[in-house]
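In what comes next, subunit A is part of two complexes: it sits with subunit B in the first one and with subunit C in the second one.
Right, the complex of A and B next:
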């Protein structure tokens, strides 16, 4: 792994604005502004925002379990890291603030509120899924009981050093074997993410690039209306590699707020540009 | 594999570059959020204050207004403080400049004070000078008034004197006419006396001849010519007398007759003397006065019985010996007159140190001609040569010049070895004797300007510029006085030194002039020691 690139990725932040739309007796209070790490989750940031609103509102305190979140008119998927949500909002061009509306009305059916404990469980599951793709869960199965919680604490406490010691075990297997498959999720506008079984190398032995991998994922993953990542992942299991897409050069691959060069080796991206959940989240920018 | 490594390195750098760029962009947002937090905090405090004083909303507004006002005042105070600080700095700088200029002004003041003191001192001095000048001016004005009065008086006096002068001129003209008449009468008388004197001389010569019978008979055999026998010059053998003749140097001496002679001295007098019958002494007959300076040369006219004297007072004067009256004064030379001679029976010729020769008319007492020579004239002689209008002069420039009074230029000139101090003419007028300062005498033929003989001696020294050498009465001998109290006598024809006679034992007396008695016996010499000596 590359320490410098990993550190830069870890230190990336996004500006977020929480606006309460409760229609209280004194009107809505002023929005809450904050800078959030890209790897964190809205469920972890929401209590701070609600605390700010409650200080201003003289009415009943607003509880997190009674609100739902909306971005650009669409309910937020709480299991997606904030950095990915920001990339999906197409805000890179003008460095705008990610506006999240906090609503107190009845949430829609497509919204699933989660609390920090649920987010933690989902995080652990995602890490195990990634390890399964890479090493058939050999690493996670051999880890101590307290090591996985340590990984989660590094995220909640924003402690890179603690994170670094743990992530190296996940990214650099001791036996030196290559990853069997690469954990990769591709996000297309207004669609659930896409995921497929992608190997590091082509059948001829050459390294696969991130551009080629994205093209393969898009071709191999059919549209589905599955609402859980596990379901989507299961649906795509068993797929085989295919040829390169002819229009892959025209796409802009966004991750961590930057354009990822299409010719980046997939192995490099997997080890250095992954989120703490060990998945490479690629957002395809819409032109 | 190497290519793959390079590609990965480039890719890595590209990704890092993009991450850094995004980080920089987000810094601005962070700054904005920080400001928002501060403002929110202030707003929260304001809200808390408002909630505390909900009941006093009006008072809270007033407090806010006062706070704003106080903040504004504070801002103004800070601005004034800054301005005051700047003013203080400016004032300090101005103070430094002022102090520097003050020091400069003080030094200039000190300097100017010194200048003022100096000027005051000068002013005081000038005032004193002004006071002195005023006093002098007053004195001069007083003198001027006096002088104006004196001038007026003198002008009136001048008018009177002019009228008197006119009258005196008329009287002078009358007296001159009378004088001319008297001179004509005296001339007639002098001619008569001259004839008588000649007869007396002849008788005396005869008597002398009778007294010397033995010697006469002895010499008679050698010379068949009786006239030559009777007129022979006799060499001097003994001193008859020596006497003081003047109060100063005796410049010239001249026999006037057998027993009378005249002397000229530096005491501005001409004296006439008579030798006693026994030849042992001479008594003063008269003193001819009128000169105002030493008398240099004498000339005597036996027929007219007049004496002509040239003097250092720039004049030459003519006296009548018998009456002792001054007949004429010839003035015109601008320097002392060295020599003067009676010329052409009615004229006088004079030579002067002013390097001119002048010819004078005795009757009108005026200069009728001037000859410009260009050299000091020492001596001048007339009655020489074939023509009566000839005269000869000797000069400082070693030359002897021969003149004809009808011409302005010399007819001839001869150059000798040194300054020519004196001239003498032979009895027949055909030869002249010149004495020069090179201690020699030259015998010159007037007709062909040739030097016939030279006379010199081992001990002979010309005494001075106006020392005189002469012929004997018949021209048999030439003689000159020396500076060693001696008289040297040479034979004219043979140039043999015949005799040397001394006037004193010492050799310090300079003999100025000589004169040989016309009778042939008797030599007179005068010297600078106021004496004259007679030898026979």
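Right, the complex of A and C next:
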């Protein structure tokens, strides 16, 4: 792992605006503005926004279990890292503010209220899933009981030093073995995220790039075996052809608000550009 | 119970597949076979095999499973893969199947364990 890169990724933040649309005789309270680390979750940020709204003298306090959140007119997932939500909202070009509407109406069925305890549980399961892909759960099975909660604490306390200690255990296995598969989620606009079994290297031993990996997940490579989607992507021997397909040239791979060069080795992305949940989250944008 | 798909509530998070590229796989509706196994005190299902749409999410399975097991909404239900981890509920069966399907007696099957108490941390 690269300390400097990891630290920069950890320190990146996005501007967020919470607005409450409650109506009522007092009108709506002033919006709440904040800078949030990309690695954190709306489930953790919401209480602060609500306490700002509730600072008004009168009126019933707004309780977190009574609200739901919307971004760009759609219910938002409170358990997805805020950086991923920001990148999906397509705000990058002008450093725009991520606008979150806090609503007190009946939540739509697709919205799931997630409290801090739930997001902690979901986070830990995602780290476990990532480790299942990387090492067949070797690392998480050998971790001490308090180590996963410590990783979570580093997020809630915004403590990079604690995070760095824990994440090295997950990313740099002591036995020096390569990851079996790379935890990678790809987000295409208006679609659920996609995930597949992606190996670090091509069958000939050369390193797979992030661009090739994304093409494999999206099954864009003509050589990928579309008829047997569960077969490992390494099976496609001509995987290098994917980088020459016309589509991948206009395609932008966004993570942490930056354009990830398509030729970045997948192993570098996994070790240094993963979110704390140990997944690389790539949002696809087009020019 | 040969087709669970008809019964599962449509998930609005899964929009119809848009064509990303001419080379993209034709949006033919694929099905995923699931084999369910109970853990601990969770009741055993009569029919352990279900067929679901690949565009459905784990959340829709959770809903259907609650119905089959007569579980009230506020009772918890945990779903696991390979007795190791609980996948995200908004993961589609397409992604789950591509990552975690196993081949048993020739067919690809996604094995999911369910529990009414947290089983694996």
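Everything below uses one rule, namely that the second predicted complex is superposed on the first by the 257 of 287 C-alpha atoms of A that agree within 3 Å, B and C clash if a C-alpha of one lies under 4 Å from a C-alpha of the other, contacts with A are read in each partner's own complex, and residues count from 1 in each chain.
The criterion applied here is as follows: a residue touches a chain if its C-beta (ideal position, glycine included) is under 8 Å from a C-beta of that chain, and two chains touch if they have at least 3 such contacts.
Nothing here was measured: the structure is a model prediction, and the numbers come from that model.
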Touched partner set for A:218, first subunit B, second subunit C, both or neither: second
Contacts of A:196 with subunit B and subunit C, given as first, second, both or neither: second
Contacts of A:13 with subunit B and subunit C, given as first, second, both or neither: first
First, second, both or neither for A:65, with subunit B first and subunit C second: neither
Partner chain in contact with A:117 - subunit B first, subunit C second, else both or neither: neither
Residues on subunit A lying within both footprints (that of subunit B and that of subunit C): none
Residue ranges of subunit A in contact with subunit B within the complex: 2, 4-5, 8-9, 11-15, 30, 33-35, 55-56, 95, 97, 207, 256-261, 263-265, 268, 272-273
Sites on subunit B touched by subunit A in the complex: 4, 8, 11-12, 14-16, 18-23, 25-26, 28-30, 33, 36-37, 40, 43-44, 47
Residue numbers on subunit C that touch subunit A, as the complex places them: 11-15, 17-18, 20-21, 23-25, 30, 55, 57, 81-82, 84-92, 94-99, 101, 108, 120-121
Contacting residues of subunit A [partner subunit C, same complex]: 77, 79, 108-110, 112, 122, 124-126, 128-129, 132-133, 137, 148, 181, 188, 190-197, 218-222, 226, 229-230, 245, 247
